[in-house]
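Here chain A shows up in two complexes: once beside chain B, once beside chain C.
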Partner chain A sequence: MAILHLTRLKKRYPNGFIALHGIDLSVTEGELIVIVGPSGCGKSTLLRTLAGLESISDGELTINGRRVNELEPAERDIAMVFQNYALYPHMSVAGNMGYALKNRGVPKDEIRRRVAATAELLGLGELLERRPRQLSGGQRQRVAMGRAIVREPQVFLFDEPLSNLDAKLRVQMRLEIRHLQKRLGITSVYVTHDQVEAMTLADRLVVMNGGHVEQCGTPMALYAEPATRFVASFLGSPAMNFLPVTIHQGGVVLPNGTPLALPVDIPEGRAATLGIRPEHLLEATSTQNAGVILEVTIEMLEPLGADMLAYTRLPGLEEWLVVRLDGAHAAREGQRLSLTFSPAYCHVFDADGMRVSMTEAADAKARAVQ
Partner chain B sequence: MRYQRLGLDLVSHLLLAAGCGLFFLPVWLAFTASTHSMSDLYTHIAPLWVGDVGLDNYAQLLSEPVNGLKTGMLRLLFNSLVMATGIAVGKIVISVLAAYAIVFFRFPFRRLCFWLIFITLMLPVEVRILPTYEVVANLHMLDSYSGLILPLIASATATFLLRQFYLTIPPELVEAARIDGAGPWRFLKDILLPLSKTNLAALFVIMFIYGWNQYLWPLLITTDANYMTVVVSLKRMLTTGDALVPWQDVTATAILAMGPPVLVILLLQRYFVKGLVDAEK
Partner chain C sequence: MAYFQRSPLTPWLLLAPQLIIVSVFFFWPAWQAVQQAFYIEDAFGLSQQFAGLSNFIAVLSNPDYYSVIWTTVVFSLSVALGAMSIALFLAVLADRVIKGASTYKTFLIWPYAVAPAVAGVLWLFLFDPSLGLVTALLERLGIEWNHNLDGGQALLLVILASVWKQMSYNFVFFLAGLQAIPKSLLEAAAIDGANPMRRFWTIVFPLLSPTSFFLLVMNSIYAFFETFGTIDTVTSGGPGSATTTLVYKIYQDGFVGQNLGTSAAQSVLLMMLVGGLTFIQFRFVERRVQY
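After this line comes the complex of A and B, so read on.
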């Protein structure tokens, strides 16, 4: 059942700027939706319109079947966790967590009971009398979460809640949020610009760009079959490699003339882009009977421990071709490398950046190669 | 950077001590003069040590009607206290609301409103004193506490100071309060006022002293001695016609008049410095 339902939600600012061009989205109970995109893509605006901090210009927003377009944030039955936590500096942890309940006229005893229970859940029991400035970043983050949980809202909104934490704490809190969210069955909308956070947390991922939803689906679906070149480039680190190609005789041709047999569903002669992820480029071995061999030169290496990233270039091409090698690989800069890849892992995008589906024949062939 | 050199320390401390002495000397002279009899003061040069009358002058001053006036010193002090407190509290209440509106509410001509308030900084009481007098006279507020207080309680300085502080409040805090169901009044009461506690204390000190030291305005609108302030009465004591000026009374009154402002500073000094220097995080 959809808890949160957006129908052609639009946001137009008084100066004429359109931040959201009609967003459609349904969030089911207990689901964690992550909205991800580069800065300025409208993801924060979207979250703020859900919260009621920004007005809705057009379209409809319902929470639990109730239209909430015109309701104040406090009346929408939502809670929000802010990037800088926005804790009230002069109130104790308990005061911060209980403030919303106090404003709602919940009896004092009940506030105390609920705050204590939530604090227990988050491991904040010892800190209830402290002021926010006496807490560490992670503890503040937890208080901000507690302030949201204690209200028992229909929907949780997270606005880049981990951005102010250091890398180690961020990973820890990410797990903690995921764990809590599953355990309490909290319906959540989570905004981030960090694609790792997005991939790891999301039940479903919404990739936004320029006020539009580019694609929506499970993280792995988006990763495996990005609908647009934008989604392909945004998800995955290091990013997908893109090579400009032209369509010729049902296949694609690289600018340096190398033909690849990829029967794609696109008219002859058109310009297109071929995308392939760094981990799908494999070193060709003599025993393998691979269809396509790319001869490249390693220009730079980035050892990451488990992996080694090789920045290579095809002769006569400007674009980098990043290859993910094994961390123990003995590659050296300047060395030549023979690469091969399976057509099944190739993505082709047309001139508008839309994914081009391979023909049935191509799919079958791709599977055969695998 | 802090220099750790004995010579430098010594010189700076000497300079500070000299400065303190310089400021304290007139106060000390006023105090010693207030403990001498009138005849002493007219036969000797300004005394540097306390005289033989001790605090008798004070006792007399506080118990009998002030020279040339039909009212007592306690009443004058009370009038000053009412006026200074009224002005300080009034200024704070109005400035809090004005700054709150300017910073947190979106309404047409918001910016214009702020600048209108701001440019009144350039118009001190003295410049607009005649029109103000006429307004107060037409409202029949001459010789009344409201006449003393009301024309002085709008404050561009305080509005500006509070506005600057309110602007440092992160917008997320305002939004968090909105989500937590705090309406405009609740937000003001539960969040904004507690956060600006130190600023308010600092403002209160400044405005209390400003109000206490008002001279021209109370002089102009009070003819009834029952509404005269202690600062105005000081001047009145000096105009004695042919008789000798009672310097022992004048100095004693000056010392008494210094009391309440000093007390206010002592009580609030902890906040005073904090409120002007740093915004509490």
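After this line comes the complex of A and C, so read on.
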């Protein structure tokens, strides 16, 4: 059953700017939906319209089957974790967590009991009398979570809750949020611009761009089969390589004339873009009889420990071709490299950036990855 | 250059402009007043005689002095609380305005640029018993207004004029204080089920407390000292002594009555009073301030 249901949800500002161009989305109970996209894509606006902090211009929003378009934030039975935590600086941790219950007239004893239980769950038991400014970033983050959890709402909204933490703490809190979310079965909508956070947390991922939903699905589905060039470029780090190609005789031709045999389903002669991820470019060995071989020169190397990123270029081409090599690879800058790849890992996008479907064989293989 | 930076005299040299101004215009006159309080001087300032505590005894044994203290307390409390609460109310409204916000703010800040004496005269015109605009309106409502005869009305008028004058100052600080409160706190409170009224009293008001405390101190000082010009132009302390505050009585006794000794003794008492009040404010009120 859908807890949260968005039907052609639109947001138009008084100055005429349209932030959301009709969003359709259903969130089922206990699911964690991550909305990801670059700055200004409308993801925060979407979250704020769900919370009731922004009005809805058009379309319908229901929570648990009830239309909530016109309801105040407090009446929607949602809780929100803010990017800057928005803890009340003049209240203790217990005061912060109990504020919503106090506003709803919950008896004092019950408030104390529920706050204590939630604090226990989050490991905040010792800190209940502290003020927010006496807490570390991670602890503040937990208090903000606790303030949401203690209310037992229908839906949790997270607005980039980890972006104020340092890298190490972010990884730790990411795991903690995932763990808590599963344990408590909290239906959540989580907004972030960090694609790693998005991939690791999401049950389903919504990629937004320019006020539209570009694609929605499981993280691996979006990774393996991005519907648009935008999604392809946004997910995965380092980003997918893109090369301009033309369609020729059931395959594609690179600008430098290198032909690649790909079973693409697109009219002859069109311009298109070929996408391939750095991890899918392999060094060709003599024993392998690979179909396609690309001869490139390594121009720069980025050792990351486990991996080594090689920035290479095809002769006569401007675009970088990034290759993920083994961390222990003996590559040197200026060295030549023979690359091969499976057509199954190739993505082709037309001039509008839409994915071009390939014939059966390639598709089946792509699906097997999911 | 290096020598200049390391010399122990450098900090004093840099502090000198401020120290000289404070010494010449504050410490020296204050010291003079303290000295004067222990002497009796003839009306022409030709001879002085040490009088011990007799000036203080003369002031404190006069029952009029206590009625002036009472007037001052009523006046100062009304001015400070009135100016602060109206300013806060206007600041909350101005904070919400989106269109033409800067125009509103400019208009609200204007009264501060008016000199106290001029402000006094403006209010005097409005409430003039025979010609005043407001007087005519009040008459239609069946209220007889003559602050030249009615001490209560006179006190009300100087309070109104003083509040109006100080309101702008408070408004600027309250508006800045309101704008410093992160919007997300109010949004979080809205999601947490607090209605606008409750949001104001449980979130906004406590977070404004540093501003409010600062303004409480500043307004008390204003009400005690700086309202002199307003009182002088509007009522000259009358009728009777209905609007005579401590600072006005010092002026009357010293410069009108030429009794410099008791006037100086009153200055010392007023300094002690305001000093004590500020101490109490810092000691007890500041504890409740949330920084």
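Here, the second predicted complex is superposed on the first by the 360 of 370 C-alpha atoms of A that agree within 3 Å, B and C clash if a C-alpha of one lies under 4 Å from a C-alpha of the other, contacts with A are read in each partner's own complex, and residues count from 1 in each chain.
Here is the rule we go by: a contact is a pair of C-beta atoms (placed from the backbone, for glycine too) under 8 Å apart; a residue touches a chain by one contact, two chains touch by 3 or more.
In this text the structure is predicted, and so the values were computed from the model without any measurement.
Of the two partner chains, both chain B and chain C are touched by A:E72. Once the two complexes are overlaid on the shared chain, A:F82 sits against chain B and chain C alike. Of the two partner chains, chain B and chain C are each touched by A:Y99.
In the superposition on chain A, contact of A:Y311 is made with neither chain B nor chain C.
In the superposition on chain A, the residues of chain A contacted by chain B and by chain C overlap at 51-53, 72-74, 78-80, 82-84, 86, 88-90, 99-100, 103-104, 147.
The part of chain A that touches chain B in the complex is made up of residues 51-53, 72-74, 78-80, 82-84, 86-90, 99-100, 103-104, 133, 147. Looking at the complex, you find that chain A touches chain C at residues 51-53, 72-74, 78-80, 82-84, 86, 88-90, 99-100, 103-104, 147, 151.
Those residues of chain B lying in contact with chain A across their complex are 170, 172-173, 175-182, 186, 190-191, 194-195, 280-281. Across the complex, chain A is touched by residues 182, 184-185, 187-195, 198, 202-203, 206-207, 209, 290 of chain C.
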